[in-house]
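One structure follows; several queries about it will come next.
Letters are used for the chains, namely A, B, C, D and E, taken in the order the chains are written, and counting of residues starts over at 1 for each.
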Amino acid sequence: MTPSNSSAPNRSPALAETMAPGFSITDRDATRQARELEVGQRPGTLNIRDGALKPRLFVMSYNDAACLEAEFTDRYNELLPYLQEHADFKHWIDVRGYGDLPLMEQLMQDFGLHPLQMEDVLNDYQRAKIEVFDEGRLFMVSRMTEFTRNLEIDDDQLSLFTGPNYVLSFQDDYDDCLDSLRVRIRSNFSTLRRHPILYLAYAITDVVLDHYYPTMAAIGDYIEELEEAIFADKRPRRLLNRILRIKKDVVRFRRLVYPERDKIAEILRLPEEIVPETLKIFYRDAYDHAIQALDLAESYRDNISSLTDLYLSDQSNRMNEVMKVLTIISTIFIPLSFVVGLYGMNFQRDDGHGHFLPLNMPELYSPWGYPMVVFIMSMVVATQLYYFYRKGWLTNR
Amino acid sequence: MTPSNSSAPNRSPALAETMAPGFSITDRDATRQARELEVGQRPGTLNIRDGALKPRLFVMSYNDAACLEAEFTDRYNELLPYLQEHADFKHWIDVRGYGDLPLMEQLMQDFGLHPLQMEDVLNDYQRAKIEVFDEGRLFMVSRMTEFTRNLEIDDDQLSLFTGPNYVLSFQDDYDDCLDSLRVRIRSNFSTLRRHPILYLAYAITDVVLDHYYPTMAAIGDYIEELEEAIFADKRPRRLLNRILRIKKDVVRFRRLVYPERDKIAEILRLPEEIVPETLKIFYRDAYDHAIQALDLAESYRDNISSLTDLYLSDQSNRMNEVMKVLTIISTIFIPLSFVVGLYGMNFQRDDGHGHFLPLNMPELYSPWGYPMVVFIMSMVVATQLYYFYRKGWLTNR
Amino acid sequence: MTPSNSSAPNRSPALAETMAPGFSITDRDATRQARELEVGQRPGTLNIRDGALKPRLFVMSYNDAACLEAEFTDRYNELLPYLQEHADFKHWIDVRGYGDLPLMEQLMQDFGLHPLQMEDVLNDYQRAKIEVFDEGRLFMVSRMTEFTRNLEIDDDQLSLFTGPNYVLSFQDDYDDCLDSLRVRIRSNFSTLRRHPILYLAYAITDVVLDHYYPTMAAIGDYIEELEEAIFADKRPRRLLNRILRIKKDVVRFRRLVYPERDKIAEILRLPEEIVPETLKIFYRDAYDHAIQALDLAESYRDNISSLTDLYLSDQSNRMNEVMKVLTIISTIFIPLSFVVGLYGMNFQRDDGHGHFLPLNMPELYSPWGYPMVVFIMSMVVATQLYYFYRKGWLTNR
Amino acid sequence: MTPSNSSAPNRSPALAETMAPGFSITDRDATRQARELEVGQRPGTLNIRDGALKPRLFVMSYNDAACLEAEFTDRYNELLPYLQEHADFKHWIDVRGYGDLPLMEQLMQDFGLHPLQMEDVLNDYQRAKIEVFDEGRLFMVSRMTEFTRNLEIDDDQLSLFTGPNYVLSFQDDYDDCLDSLRVRIRSNFSTLRRHPILYLAYAITDVVLDHYYPTMAAIGDYIEELEEAIFADKRPRRLLNRILRIKKDVVRFRRLVYPERDKIAEILRLPEEIVPETLKIFYRDAYDHAIQALDLAESYRDNISSLTDLYLSDQSNRMNEVMKVLTIISTIFIPLSFVVGLYGMNFQRDDGHGHFLPLNMPELYSPWGYPMVVFIMSMVVATQLYYFYRKGWLTNR
Amino acid sequence: MTPSNSSAPNRSPALAETMAPGFSITDRDATRQARELEVGQRPGTLNIRDGALKPRLFVMSYNDAACLEAEFTDRYNELLPYLQEHADFKHWIDVRGYGDLPLMEQLMQDFGLHPLQMEDVLNDYQRAKIEVFDEGRLFMVSRMTEFTRNLEIDDDQLSLFTGPNYVLSFQDDYDDCLDSLRVRIRSNFSTLRRHPILYLAYAITDVVLDHYYPTMAAIGDYIEELEEAIFADKRPRRLLNRILRIKKDVVRFRRLVYPERDKIAEILRLPEEIVPETLKIFYRDAYDHAIQALDLAESYRDNISSLTDLYLSDQSNRMNEVMKVLTIISTIFIPLSFVVGLYGMNFQRDDGHGHFLPLNMPELYSPWGYPMVVFIMSMVVATQLYYFYRKGWLTNR
């Protein structure tokens, strides 16, 4: 995710571009996830995935009066002194990338995290969840979604720990969807800077939730494109595959948002001393947003099911049309072919021994024989055409 | 919504008119909603949607004895003094249109609303809900539905705050479905004027609920029209599209009414000091109405599913009929064509060297050859027709 | 409902009779209901439906020793004195027909009913429900079902209020299904007369519940008839419509019985002082009955789904059979037609200039040409028939 | 059920035998049940079904030391004295057959049963249930199943009342599935004889539950036979009917077992003083068994749904195959027929007036005309065969 | 399961190999299970299944300082003394194989197990479950899964009892999936050796859970192979059977994992004194894993349903294509055949008596007759080809 074009790639790619290699209607991420979780190790053992980025460490420190920003990449040892020095600030310690096991273990120790929690951070296939630990600290997992050009939902994990005056967040990518929040923190007029530190945790969750809408909008756009393609009788190749693929995305999205909703509901049930009522008002708003996102996903599911019905009925209609053409042509010409075949028979007027055989096809020797046959055949055709017209087979339906 | 014809447009439009442009079987409102919710801003930031109407401000003031009506559009500053002056009245402050941000912020401040609540009012895609704030004040959201000529369910949001002696309501349109209620307030004999102010909030909710029935009736009428069209064997174009479209409406309606029911259930669970038992009797009645509306929606869903089954089976029957015509014509004439082809063969009686070939099609030289062949062919046809008759292929089924 | 033939019309009408006009697979009652509920009036306003019958008023009074019956139609003013005079009796005040608004209002006042309750009585589309009012009085709504000749479920509402020594019941028809109960009350040996007045309310509910079984039995009979019709390969016209229609009935029935079950479950949860344990034993029995009725309805739903599967597969089988006939005839005769066409070609032995052309169809000049061709064609037919026999296309499946 | 072959008839009958008359895919027992429940009588009225067997009365008495068995058929008056005499024994009073109303009423009175309970015993369509009455006595209903030769699930009701030192059981048949239990009681080494009387009630329930497994195994065998029949491409007649029928059985079985599970769960929730913990351990085991039986039923349901999918796809494949044969034959021979027809045209070289017409089918007069045509036709056939081979139409799929 | 290749056989076998005999789309294990559970015996009777392996008995003893391993197969009498001698160790007593009834009864007695529990161990079709007994001891059942070469899920039961300083585990196979755990126990640096004995029970459960992922990954790989096969238009034989079979596996897997999740949830609800909070943190992690496995299974179910849709639509497309070929060939050649048949008619110019019949097919005598007919036929073909091209029947879709 590059912050500069964070919303642009969410736009639905043109129908024509979407058959890229790797296109799949099944949820291959699930299998990849199962494969990576295979390793049966001691619970709480930290494992760095191959290809994990080298961690970068940013700190935003703010209070009512000021906002400082610093990067501690490659100089972690200066972080704790810095935090002690700025004890009157609230800090957002923002770790991006996991590719340094000793650093991760150091962070775990210095910020009092449980090995199992750190394992959840590094194995980044966690569902959204909330855990209370150390009598009042919160550990939250959120999933940030993005709808890629390849019609896939790409989701990254954001893990977040609260402390007395800091929020410690982890993600595996350098870019994220939180830049709008950073801008708000920098602003001297932002009310955010006056709220307690827990509000920062809320604000991060809320921005993540807000980013579900562009994903949904992109999916919705694509569904509309598919619908228009069907209505315009212009069927792109492998239309059903496309429908099934977008269905997969919606199903995946629902599976991402359900735990998010449950997470917020659980926060709302936390006692007053952990999450005060003044903050819960905001979480109640976030809860409404999560419900709305689920509502949208349900809507989309119904839409896709309607599209599938339409597709299958359309497929059946096409078959019907093919059959009608065959039937009309066949039923018109097969009887005619019989008639002309009839008068192609070689019954002889003469048995070869000079006996005249008057019953053998006297029509062939009649002066009006041919015109009469042509007239009869015309009548047959006219009758059939009338019958088909009455049946409505000649018109479009 | 114009009050004058508030029920008329709810009548189902004729089948013929319904293929207007913009006709869709997918829920495009959902996508539009997702798009508008995209903006990731500070929670509680007020945003006026483009094209929002300039707010008009009406106040109805009543007590047992009298009923006053006034409009404060463009002179908001006179509103608070007016309310203080008429402290012995109950007031319905009725704001229509959101297109004036400073006024909205002023209202928020003057009537003690939370910014998140005001955001919910302005972002008008909220599900029906109830919130208690300020120890006893209620914030309710309802959705008013209308079934448009274009077979869409059009729904507007009605937001409502209660106060010590007033109800403050917001909606984005100048016209609404509440005129019948206004008439009742004006009437000197109305019991409504003797009830406490919370009853007004109830009465508004109840009128909104009552307006679900015409929507449902219009949907039901359309379903019946579709059923009759199928039974009459007159299939309008794109019949399945129509069925899927009305299905979309029913699904959308259910999604609107479910939160409404939950809202009322939540009101019924509120403590006696917020909503007294004498009022709950009325809400219990409203609850029954919401359940009935949901029951209707479930009924419609089953009906639409039956229509779809019928449509698909009918499609299959038509195919069957086409195939039967083809089969009957083919099986009758193909063997006949063979017979006449047989006697069209040119086997010679004479090998060209004067040898007589008695086995080469002696039938052609028989005096009864042709009549016999015609007789045999007639027998074949008769046998086949009898077979088809026994199979029931000649009758309609 | 005429008591004399109350069970007879429940028998399933013959398949042949059932295509009466008005036959519908969609739930038109639902739409009618939505239409009638359209009127948006003050809650608690009493409305008499057009065509409501003139009320008739019967009272059955009984105690351990005696049972009196009286009709107070057109002399309502004598009712209250009569009740006071017979204070040592228990009374069943039985109002049939709603067509007299002043009388309804009078009853409401005299028996202490809430306007909203009276509205529920008159608007007779209420689901089964139970309400406790006035600290211990019960208001119950039941739905009486009947399976009509037209394969519709006809349901009437029975509303019932308990009082200190009376039960007040309302229904909109003169005839009902409660005559068996009246006979029991009249009998001097009936234990019913010794039970407290609440038992009468239970007994009425129980008789209504018992009348669900004939409805179910009639539906079951019809389903069996449909099954037999499919198995006998005699398909009545519009068979799918019939299946869908009976499905509608089952769905409607379930929707009627579910609230009935919930009502009884709610009664079982009422405190001892309102419904004593000695009565709850009976309600527990009624609860078992309601569950059994729902079980039956579920059974029927599964049966109908099986019938639909069978119908669709049968439809597909018929298509298959049609195609097989076409294929067998075509594949046998099309090659033969080619052969006979082959020897119908006019290739000449002589180029018109006296040159002998020995390669031009010498078969035609061979002495065994024709018999050989006939033999070859017989072989082709035999081979094909053997192939079809092996494929099993010649046998029925 | 004859004890001697109680497990044998549970084996799945051969596919060939199963189309006995009375074969049905709908649940006719349900309708029969609805019919018998029609009678709307006073609750608690005892009715003996027509054809009920004359009751036989057996008593097994046991304590740690001894086990007595006696039959009291036709001498009920000796039963109570016998019980008093053997007060130090535990008794299993086993009533088989209901066809004697006075005896039933006598039993009801002597053993303190409620009329509604006795009605449940005699109307033997009760779901499994448990009721506590008389402060600690239990009334349990179980359903014993058997899978008949006719592929039906036959279920009988076993009703059971506990008393201080006896269990009173009712069933409508002389034979049952409890003989294995009787053998255990007779054995001097059985721990059962040392357990309190409630254990006997448990043991009866447990044996009934255990008999669900042979029923399931028989259904499973039949499903496997159906699967093998489909895989072997040998489709017995009316295969779908068979599938739907076995589906009906599975659905019916689930409906029998669900209440059984709920019954046991309810027993587990009973207070310690009614069902002591030492007994609950056994019921917990029975609960696991009921869950396992439900699991099996769910498995079977999935299996049947897979079979149906396979059947329908197979049906479609057969159609496809038929069409392919038709298409191959037609597309090969129809063009050939055109060619040979072409050279069967009678265009003359001579206009009848001596003018030579050189353009009229000179091919017919060419020395290589016929061989060339035969060659061309061979090429056409070869090309088409190659095309079909490439398409894979000539191979099996 | 051989430990050496415990993960290798989990890889999906090649599509080509998978039609081994015994291939089934129905859950035959279920039927086998039902058959084995048929025996209706005294609850708590121990039965050894035929073919059960001779038990082998291993003990791993560890404390912070040391780890001992010993095998007690064939010398059970030395086990208890050994345990007493090493009372300062924690022991994992690992029984593999059940084929020795006296030994099993001895174990039951020596370790204080309930006969019903022992029955659950030996009858190894138990769902995953947890029971607390003897005031704090735990009895857990887990199911270990493996995905076999034959595309079946093979599951073995692991039963586990906790004691004051030991865990007693039972399984019916010599090899299992726990070797990674044994390696961890042997390691002197393992934290496991410092945890209390209950942690060992957790660790075993956790390893079993971890082994669900390779099973899922193998299923996912196979689903992807199926998808690729469909997309590549190379359909292996019996493709639907394969899809249905893998569906069976997924369904079976879900049924295995659901009780596992419930088991862990129940452990989380156990009171602090049985399972301390420090251990529950780990179980919470295991709970997340179980939920993830279920999520994966749901994903796979959706995928398989998409594959089935695609398969069926593809089947329909193939039919369509066949029909299109037939229709194109037929509609082109049938009219042509009529034309050539027309000019094959033998209408004579001469009635045999010397009268000239000028109307009888003068075309045949025209100098341009044949070229004209050929031209007309070419036009017909060209027109039809253009029509089919416009319809898109000549292109691939």
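Rule of thumb we're sticking to: a residue touches a chain if its C-beta (ideal position, glycine included) is under 8 Å from a C-beta of that chain, and two chains touch if they have at least 3 such contacts.
Being a predicted model, the structure only gives us computed values, none of them experimental.
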item	value
Rotation angle superposing subunit A onto its copy subunit D by C-alpha atoms, nearest 5 degrees	145
Between subunit E and subunit D, distance of the C-alpha-averaged centres to the nearest whole Å	26
Distance between the centres, which are taken as Cα means, of subunit D and subunit B, whole angstrom	42
Subunit C residues counted as touching two or more neighbouring chains	316, 319, 323, 326, 330, 334, 337, 341, 344-346, 361
Ring walk, subunit D to subunit E and onward	D, E, A, B, C
List of subunit C residues in touch with subunit B within their complex	24-28, 30-31, 33-35, 37-44, 114, 116, 119-120, 125-127, 129, 131, 235, 237, 240-241, 244, 247-248, 251-252, 255, 308, 311-312, 315-316, 318-319, 322-323, 325-326, 329-330, 333-334, 336-337, 340-341, 343-346, 349, 361, 364-371, 373
Of subunit D, residues touching subunit E in the complex	7, 177, 180, 184, 190-192, 203, 206-207, 210-211, 213-214, 216-217, 220-221, 223-224, 227, 231, 281-282, 284-286, 288-289, 291-292, 295-296, 298-300, 302-303, 306-307, 309-310, 313, 316-317, 319-320, 323-324, 326-327, 330-331, 334-335, 337-338, 341-342, 344-348, 350-352, 355, 357, 359-361, 393, 396-397
